[in-house]
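My questions all concern the structure below.
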Amino acid sequence: MSNIKKFMYVNRRAPYGTIYAWESLEVVLIGAAFEQDVSLAFIDDGVYQLVKGQDTAGIGMKNFSPTYAALGDYEVTKIYVEKESLEERGLTLDDLQHLVWEDEDDDWAEKDSIRLVSCAELAQVFAEQEVMFNF
Amino acid sequence: MSILHLVNKSPYERDSLDTAVDYMLDGDTMLLIEDGVYAAMSGGKAASKISGMKVSVLGPDLAARGISEEKLVDGVTVVDYAGFVDLVESNDKVQSWL
Amino acid sequence: MNLTIQVNEGPYQHQASDSAYFFTKAALEKGHEIFRVFFYHDGVNNGTRLTTPPQDDRNVVKRWSELAAEHDLDLVICVAAAQRRGIVDDGEAERNKKDATNIAPGFRISGLGQLVEGGIQSDRLVVFGD
Amino acid sequence: MSNIKKFMYVNRRAPYGTIYAWESLEVVLIGAAFEQDVSLAFIDDGVYQLVKGQDTAGIGMKNFSPTYAALGDYEVTKIYVEKESLEERGLTLDDLQHLVWEDEDDDWAEKDSIRLVSCAELAQVFAEQEVMFNF
Amino acid sequence: MSILHLVNKSPYERDSLDTAVDYMLDGDTMLLIEDGVYAAMSGGKAASKISGMKVSVLGPDLAARGISEEKLVDGVTVVDYAGFVDLVESNDKVQSWL
Amino acid sequence: MNLTIQVNEGPYQHQASDSAYFFTKAALEKGHEIFRVFFYHDGVNNGTRLTTPPQDDRNVVKRWSELAAEHDLDLVICVAAAQRRGIVDDGEAERNKKDATNIAPGFRISGLGQLVEGGIQSDRLVVFGD
């Protein structure tokens, strides 16, 4: 067995109504130190986590949405967003944060982290994973 | 006696909005809070469920989730926590659709 | 008007306790009376003084304790729900032979009748939960 | 104000998966001592609470379903079950416990506690209530 | 690599069964536990969602909820906790649709 | 096979901890190894020794403690989640200046890395939650 495993973090919850989105992100950040082959999937209400313009001042909670933009620095560069979930909610990619990473092997070119995929495509990505994290 | 129907869950995740809508009578009001506010976003599939009903939405919960007021379904009014209190007072009772 | 507030979920996991807090605060600011805040189900976990939330996050328990001190609120934790989940005051520690307590300032443990009484005595019951 | 209020306990959760059904019933039992005008409504997954033949031995939890049959003794005699919720789940009244109470004013005649009502009818019952309990 | 899809919520209350079904590939198995077992009751509106799929259901959770095995959708198999463990072993990984 | 079990909900409110317990027990009986049981989110509330469930109900916390003693299980409570929710051992009490502890026998508090390690070291990760 190789020491590098394919990890998939599956996010299906909206932010703030429950803590799952935030505590899931905490695992991703800690997990980055273990240098696994990490992917994140945003399905169903999980897509709301990436909506830009979040302002939590009125509910007294910490706004953790800026953390998603830092994922690239943690070498978390594969962020799958399910197309059907976005469409059902009347959202487009323009409603989400623009997440990028810098490719060391390509003269630090800035590349998109978000991959907009259909459910069928994402199911194939799931099939290739070794560990699914659920919150 | 009028009811304030509180819905705090996403209409895409749970059945609570559907049932709340079924139980709304003339003179009742619905208030969307927490993840319930997503029902008030125009363009979403759930938006049609509340169109034409007397619906308010909690502003601080909207802002937290990055939903600007121009994205709201027509006719939905935004209230703050003080307005939430006023809605509780102006209706005879509260039904939380947990 | 006179209000009873019911909180069904613990701190942090769900927004219920946050919403209940801001609603209660707004009602007080408008001059309404809070007959009681009743913590039921996992809501009893709002009443532990042992939490240490991150410094950049709100302190849910402390916020309730401070609001209670400021406005002389009656914060009641359901005894049956508290026993299942491990919220203990001096009386409960003695009764159930526990070697520690964890109840936070401003909270008290009492029976479910306190919720029913809230329903009878208050003009409105407002429930926050999952 | 009269000292007797119309209380409605609204039950929308299945039993055992979460504790809400059981802890809700505990409030009803305690509340009975306060001699209010009590009704219970079973809507959505709440109708599963009344399904007969529950056997919790295999999951190590207390089977609290017999308690519903005792509600009549606590003078809780108005139990509304929503028809649409039953039908959607493929259930009929025969799948539920037969709940009865004895009418003191009618020579202790045994009467049905369960009232099968439509959503529209139950909404009218809700309109008449003074306090809604939600769990 | 095959997935064991765990569904623990009622299909009438949540969206998790719907999504799990969408993500089932050939060779995958679904296991219904806790309130998820209600999906396997024939006659319910959710029953059609799982028909023709490889679905197991946890017997102790069925019994607790008063569902007798003859009420199950055709083709659904009943397992106990030991069978649950075997399903985890015979699939390459587990996806819990929480 | 070698398993890591994750529990996301506290005792009693949700069935998650019950299901995780019976699954873990069944896996042990079949001769599998449990690398670790990791308690996250409200799952950390499974690790308080202060519960007193009704006598006719199961004791969720005690059941975990006993299973751990019998099979030398590694029951790990996430430190960040525990701080938010008030689960405290001696070390945490000292660090955060708490006047009491409530951790149950057989549990230990550690970092999220323990969950990630479980994902790496185990053949399967099985998550129980809401």
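As written, the chain order gives the labels A, B, C, D, E and F, with residue 1 at the start of each chain.
Everything that follows uses one rule, which is that contacts are C-beta pairs under 8 Å (C-beta built on N, C-alpha and C of every residue); 3 or more make two chains touch, one makes a residue touch a chain.
By chain, with names taken from UniProt: A, D = Sulfurtransferase TusC; B, E = Sulfurtransferase TusB; C, F = Sulfurtransferase TusD.
Bear in mind that the values here come from a model prediction, so they are computed numbers and not experimental data.
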| Graph distance between chain C (Sulfurtransferase TusD) and chain E (Sulfurtransferase TusB), where chains that touch are linked | 2
| query | Same or different for chain C (Sulfurtransferase TusD) and chain F (Sulfurtransferase TusD), when you check if over half of the residue numbers at their contact belong to both copies? | reply | same
| query | Once the Cα atoms of chain B (Sulfurtransferase TusB) and chain E (Sulfurtransferase TusB) are superposed, what angle does the rotation have, between 0 and 180 degrees and to the nearest 5? | reply | 180
| task | Please compute the C-alpha centroid of chain A (Sulfurtransferase TusC), do the same for chain D (Sulfurtransferase TusC), then give the distance between them in whole Å. | result | 43
| Where the centres are mean C-alpha positions, what is the separation of chain D (Sulfurtransferase TusC) from chain F (Sulfurtransferase TusD), in Å? | 35
| request: Please report how many Å separate the Cα centroid of chain D (Sulfurtransferase TusC) from that of chain E (Sulfurtransferase TusB), as a whole number. | output: 28
| query | Can you give the whole-Å distance between the Cα centres of chain E (Sulfurtransferase TusB) and chain F (Sulfurtransferase TusD)? | reply | 25
| Shared-contact residues (touching 2 or more other chains) in chain C (Sulfurtransferase TusD) | 8, 12-13, 15, 22, 41, 54, 57, 80, 125, 127, 129-130
| said: Using the touch definition from the top, which residues of chain D (Sulfurtransferase TusC) touch two or more other chains? | reply: 16-20, 44, 59, 61, 131-132, 134-135
| So which bits of chain B (Sulfurtransferase TusB) are touching at least two other chains? | 8, 12-13, 15, 34-35, 60, 80, 93-94, 96, 98
| query | Quick one: which chain pairs are touching? | reply | A-B, A-C, A-E, A-F, B-C, B-D, B-E, C-D, C-F, D-E, D-F, E-F
| note | Within their complex, chain B (Sulfurtransferase TusB) touches chain E (Sulfurtransferase TusB) through residues 12-15
| field | Residues of chain A (Sulfurtransferase TusC) that touch chain F (Sulfurtransferase TusD) when the two form their complex | value | 3, 5, 7, 19-20, 23, 26-27, 30-31, 33-34, 36, 131-135
| message | Going by the contact rule set out above, which residues of chain F (Sulfurtransferase TusD) touch chain A (Sulfurtransferase TusC) in the complex? | response | 6, 8, 40-41, 80-81, 111-113, 115-117, 119-120, 125, 127, 129
| remark: Touching chain B (Sulfurtransferase TusB) in the complex, chain C (Sulfurtransferase TusD) uses residues 1, 3, 8, 15-16, 19, 22-23, 25-27, 29-30, 32, 124-130
| field | Complex contact set, residues of chain C (Sulfurtransferase TusD) against chain F (Sulfurtransferase TusD) | value | 10-13, 41-42, 45, 48-54, 57, 61, 80, 83-88, 92, 96, 98, 100-102
